[in-house]
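Letters are used for the chains, namely A, B, C and D, taken in the order the chains are written, and counting of residues starts over at 1 for each.
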Amino acid sequence: MTAPTHTEGRPAAAAPSQTAPAIELRGISKAFGAVQANKDISIRVERGTIHGIIGENGAGKSTLMSILYGFYKADSGEILIGGQRTDIPDSQAAIRAGIGMVFQHFKLVENFTVLENVVLGAEDGAFLRPSLVKARRLLVDLAREYELNVDPDAKIENLGVGMQQRVEILKALYRQADILILDEPTGVLTPSEADHLFRILRGLRDEGKTIILITHKLREIMDVTDNVSVMRRGEMTATVRTADTSPSELAELMVGRKVLLRVDKTPARPGPVVLKVENLKVTDDKGVERLRGIDLEVRAGEILGVAGVAGNGQSELLEVLGGISDATGTVTLNGTPLDLSGPRADGRSRRHAGIAHVPEDRHRLGLILDFTAWENTGFGYHDLPDYCRGALMDQTALRNDTRGKMERFDVRPADCWLHAKSFSGGNQQKIVLAREIERNPDLLLVGQPTRGVDIGAIEFIHQRLIELRDAGKAILLVSVELDEIFALSDRIAVMFDGRIMGERLPGQTDETELGMMMAGMDGKAR
Amino acid sequence: MDTMPRWADIALIPLINLTLALLVSALVIALIGENPAQAMGVMIRGAVGSAYGWGYTLYYATNFIFTGLAVAVAFHARLFNIGGEGQAALGGLGVAIVCLSVPWPHWTLALPAAVLGGALFGAAWAAIPAWLQATRGSHIVITTIMFNFIASALLVYLLVNVLKVPGSMAPETARFPEGARLPSAYDWGAWMGFGRSAPLNVAFFVALACCVAVWVLIWKTRLGYEIRAFGQSEAAAKYAGIRPVRTIMITMLISGGLAGLMAVNAVQGEAERLVIDSVQGAGFVGIAVALMGRSHPLGVLLAALLFGALYQGGAELEFEMPAISREMIVVIQALVILFTGALDNMVRGPVEGLFRRRRKGAT
Amino acid sequence: ATAEPGLIIDLGGKFDKSFNESAYNGAQRWLEESGASYRETELQSEAQREQSMRRMAESGANPVVVLGFANASTLEKVAPDYPDTNFTIVDMVVDQPNVQSVVFKEHEGSFLVGVLAAMASDSGTVSFIGGMDVPLISKFACGYAQGVKAVNPDANVIVNMTGTTPTAWNDPVKGAELTRAQISQGSDVVYAAAGGTGIGVLQAAADEGILSIGVDSNQNYLHPGYVLTSMVKRVDNAVYEAFEAGAAGEFQPGIKVMGLDNNGVGWALDENNEPLITESMKATVEETKTRIIAGEITVHDYTTDGSCPAY
Amino acid sequence: MDLATVIQLLDSTLRLATPLLLACLAGLFSERAGIFDIGLEGKMLAAAFFSAAVAAMTGNVWIGLLAGTAASLALAALHGLASITFRGNQLISGVAINFLASGLTVLIGQTWFQLGGRTPSLEGAARFQEITLPLAGVLEPVPVIGPLYANVLSGHTILVYVGLLAVPATWYVLFRTRFGLRLRAVGENPGAVDTAGVSVVGLRFSAVLICGLLCGLAGAYLATGLSAGFVKEMSAGRGFIALAALIFAKWRPWYALAACLLFGLLEALGNRFQSLEVLGVTLPTQFMQALPYILTVVILAGFVGKAIPPRAGGAAYVKER
């Protein structure tokens, strides 16, 4: 294998027709049991463009791309690559056809190095060393060309998500992909990481590569794509030139109704201090200090937004406050100190004290995916008197409660017997939110409330959080989405390297300043 | 996804699997030069064809219910308890101590005490591996295997040097006094045709009660909810305030206790004394029973009955057709485990396809 | 027409090369000589003891021979339910009117092979490998040690047991390893009473060039030139005689002791070990045998008090 | 303890460790690829039987070795069929294989030899013979090293050396070859392997078959190297101890060597010092026999941290995005 070759604006790969679209799908259909995930979908993706695909959760975007990548087999329809009919029975065939895919959930081996992940499946010979040596050289080249710097010898598990994503892109480039599919690549990225990614994508496009980008964020579509296709309920509803459309039009195409793109909220009326954190320190099991003395306050009736690049201690902050990990320092809730270690520093005691917690990672922490919806509604609250009869659980009460919550939070499908794993991300998030918000806590901890959630659901979730604030509750919001921080927060704290870099009021700052603070620079000084 | 009606899922598929296992067994019997039809007939009649057969089938099944439930409960917390063998052996010690140390006036008093003794000793033997897993992260699979060996050494020592009747050759305790002996099937079920020899005894009802208790525990109680949640995701359990150490300890104590209860059947009910190796591999069969029963008490009950029937049918086979050596039964068991447990999808796939096609045809 | 006799082979199986196999051989010999038939079954698990006994009795077999001490308490329970059936139990005493108990004086036989071991040993260290540390096995070990010490009071007798699980009787690998460990401690004659494990012991002894002593059946043929002798325990005779007596209607309940005097135990001499046994060895062991029979030498039976004077 | 005792102990350790080591490496391949295998015991047993049986019939141990390995491979393929092709439960499949081997070996053995499942004793060329390593005689007089080389390392059957060499070989294959990279990846994240265009099924099958091969060697060593014939159930739980060693070794080849040698040493010590007098009290035999297991638990609790198995281990691979 040689380094990807590229000449002016066009791939060197033999193309039967220079005018043929890079990809053309004709009449693709795919059903999972009774669910028709893709219905007779046809789409053309022009060579050398960035093509966006949007749609609600469960619209069928990932399914369509998985078919293109040979992960699923379509029930009917055909695929044309560069104008030629191509059979893609497996990923090997897709790779041969020059397609690379970056999955929403990365396909990386956590305890392998970057280099090992890159060469995996594309090794040169039976022995590793030559491949690794060559890949290392190539990575240097690619890094130079596309601003894709990563430490080749770092273990994936020690890398942030942004870096992991670069590794995924490098994997595709290493395989000389001409067509790159990215499924919700920015869901976990900070704004600056996302900007960097888009610079890379534009660079790749200018080299002649074709890029398909799936996202829920209309701003990104407007920013970076040339064309955009909209999917709804398994069907392709429209394909338009990005230049000829607007976010509100796209939103309407997606959801089938008008969507509020900005949250309406009245100014906060902060009450007494609910949460007071002083000199909070956390050391992880590797002995690294993750929180280096945090001080903050959240008052009743206000939302404190914590911004920061992922991995700067926000997760640890939430986990300590939620009782998942131990810490030192003082934390008081309504003036009463909380235990930060020992048997009473656990999630149960925190809930009794009046703290509710919507964790950042709903799959890992917030839900038991193999439990039913009603079982998940009791999760963490399973020993509350309303759900118990002695040592037994009052399942009827729990189910009735779940039905009510599902209705009020518009969870679809509203079937409390379904397993959590069979709901879409947005609906899973609503189940968690309903559980935590409806406990009417004094303090709500929320991490990444809208990650991977479509705009219809985002609107809904944001409204609920504002309502809770207006009911006089304190909310600590952690998000890497600056948009979200700006939309919801009454005060903004920026975290960097386990410390609070400073606090700003949303009206008196902007993304640039926050971005600098998030990078560890004092925004005010400059 | 509901591609199959429920009855097909829980009855048809296992039945096909079982048939396949028996067919292959028949093939093996034919290969060693015996008549498979006759052999199968002997086995089935021997296991379930008479009250006599049932007396044994249910006795063996009782053992497997206890050890199967033990493995199943631990499985719900994603703990693989291979230590049923040792825990049941220690349970035997507990039962023997209870039965021998008090002059019990009547079995109705001795039984609850023995249940307590067996469960306590079994639980105690599970406690150390559990504690090491919970606090030191020592892999419970290794520690429970080790504890099986340690248990057998301990029991040989105690039986030879401490508990043996002086002057006797046999490394076994004295026979339990009259008041500590459990009524056998003959005592309460003679009208059903159970003979004097039936080892089946009231411990069977203890086992059934345990099935119900485990079902309630796992699916109806808060503790069961916590155990299942912990088994699904330790991280999420922590988020919910479910304490890992406590959950591991409680689960393993229950598991060990259940294994220990096996002694109520085998030691108190049947042998009426403690002998060397009173467990006879039932701890390991319990693993197969739990796996095949999908860790559900009803499944465990059915799988235990199946294995009990195989044990008893096999014994009859051995008696009626001496040319078939007793290892044939082990082979049949293996094939049953293989087909009904591990190769389940081999049958499931085609059957599902059949139903899907039928449904498509209907709509 | 008398009833068919029955034989219940104990755990371990009829081809264990020792105890059960010996019983099986006795039954086979009776079969060939009498031309009649008998019923036979093999135990598969502990719980089947009672099942098999009752099954055998109900099938009309008479007499029913059961093997091994582990059956005693079961037979105690079962025998009264079948007053018309005669039972013979080997290795244990059961006091019932329809039970004949056959016990062997293994300690006497072991004493004899101990004498031979001591005389054959150059190093003055000999050894014993048992299956499990249970009284019956200690009875072998203790008789052996007494025999050794009778010839050479300064001799060192190493006694090892294989294990504590049922695999202890079927682990030739461990048997061989124990043998090698004993050899490194100086042993040059090893006596094995460990079922299938003994096969490994005899093999390792042959491989390492030392002498071994077999048990129960005559195992001299296994490694000619290396097996010094075998302590034979004539379970076959016990079974044969029980069958014979049954057929003749001469069943006698009570205890039947099989010792050196009635050829119940003994040492094996055949063409395989002839070169190993010198005239003086032969003379000494035969004289010892006579003296034991005459009561001039008393061999202590370990199972009577759980202790051994020789170690 | 004098040198002779030490040498005897180490010599015995090496012999006892070899079947554990081969089985442990077998398990390592399988589990590194994400297929749990509690059927090591059964495969070893089957290999022990068929190697001894065929060696007895042909008088040639090499043909026996082939047969034993083939039997183990067949069981491995069955495990693969159940747990990879049909996505069955790996634990159930392993349990079934253990039962199957335990029953079939005796059944077939009885049919072939009429010896109750035993095979005839192997003699001469039907057994592996001990090999004296080069220079063993010359080096022996050198203090300490000499006896260690001549009496501990030298004088074992070929499979002991195969077992020892299998350690670096395993390490090399796993960490220095393409196959190893893919194999480790498929045990950690089969999705990554699948999307990289490599067959998950193919990789896992190869791993399971390698496991079968090594178990075959382990079993053959038991019956034709360590002993001279097959006795029923002669694996005597060694497959489970190997599994324990594997977890102990945290799924790493060199650690596996150390773990197996440790287990071997503990067993050798238990054999050598069956009645130990401590402060005038003679410890019961049973205590000494349980000591290796007690020590294992103590070491595990005291010195070895949490063992993290391959992340995708135990679960069948189902495609998901």
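What we mean here is this: a contact is a pair of C-beta atoms (placed from the backbone, for glycine too) under 8 Å apart; a residue touches a chain by one contact, two chains touch by 3 or more.
Going by UniProt, the chains are A = Heme ABC transporter ATP-binding protein; B, D = Sugar ABC transporter permease.
As the structure is a prediction and not an experimental result, all values here were calculated from the model.
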**Touching chain A and also chain C, the following chains** = B, D
**Request:** Let me have the rounded angstrom distance from the C-alpha centre of chain A over to the C-alpha centre of chain B, please.
**Result:** 47
**Inter-chain centre distance, chain C versus chain D - centres from mean C-alpha coordinates, in Å** = 35
**Request:** Provide the C-alpha centroid distance between chain B and chain D, rounded to the nearest whole angstrom.
**Result:** 29
**chain A and chain D, separation of their C-alpha mean positions in angstrom** = 46
**Message:** Show the residues in chain D shared as contacts by 2 or more other chains, in ascending order.
**Reply:** 110, 117, 237, 286, 289-290
**Complete:** Residue numbers in chain B touching two or more further chains are 149, 153, 156-157, 160, 325, 329
**Prompt:** Which residues does chain A have that touch at least 2 chains other than itself?
**Reply:** none
**Request:** Using the contact rule from the top, write out all pairs of chains that touch.
**Result:** A-B, A-D, B-C, B-D, C-D
**Request:** Would you pull the chain D residues touching chain A in the complex into a rising list?
**Result:** 175-182, 184-185, 188-189, 191-198, 311, 319, 321
**Asked** Considering the complex alone, what residue numbers of chain D touch chain B?
**Response** 78, 81-83, 86-93, 95-100, 102-104, 106-107, 110-111, 117, 237, 240-241, 243-244, 247-248, 284, 286-287, 289-290, 293-294, 296-297, 300-302, 304-307
**Request:** Name, in rising order, each residue of chain B that touches chain C in their complex.
**Result:** 56, 59-60, 149, 152-153, 155-157, 160, 164, 166-172, 175, 195-197, 199, 266, 270-273, 275-278, 280-281, 311, 314-315, 318-319, 322, 325-326, 329
**Request:** Mind listing the chain C positions that touch chain B in their complex?
**Result:** 13, 40-42, 44-48, 50-52, 54-55, 69-70, 72-73, 76, 78, 81, 91-92, 132-136, 139, 164-166, 303-304, 306
**Fill in**
The answer for chain D against chain C in the complex is residues 4-5, 8, 11-12, 15-16, 19, 110, 114-118, 121, 222, 226-229, 231-234, 236-237, 267-268, 271-272, 274-275, 285-286, 289-290
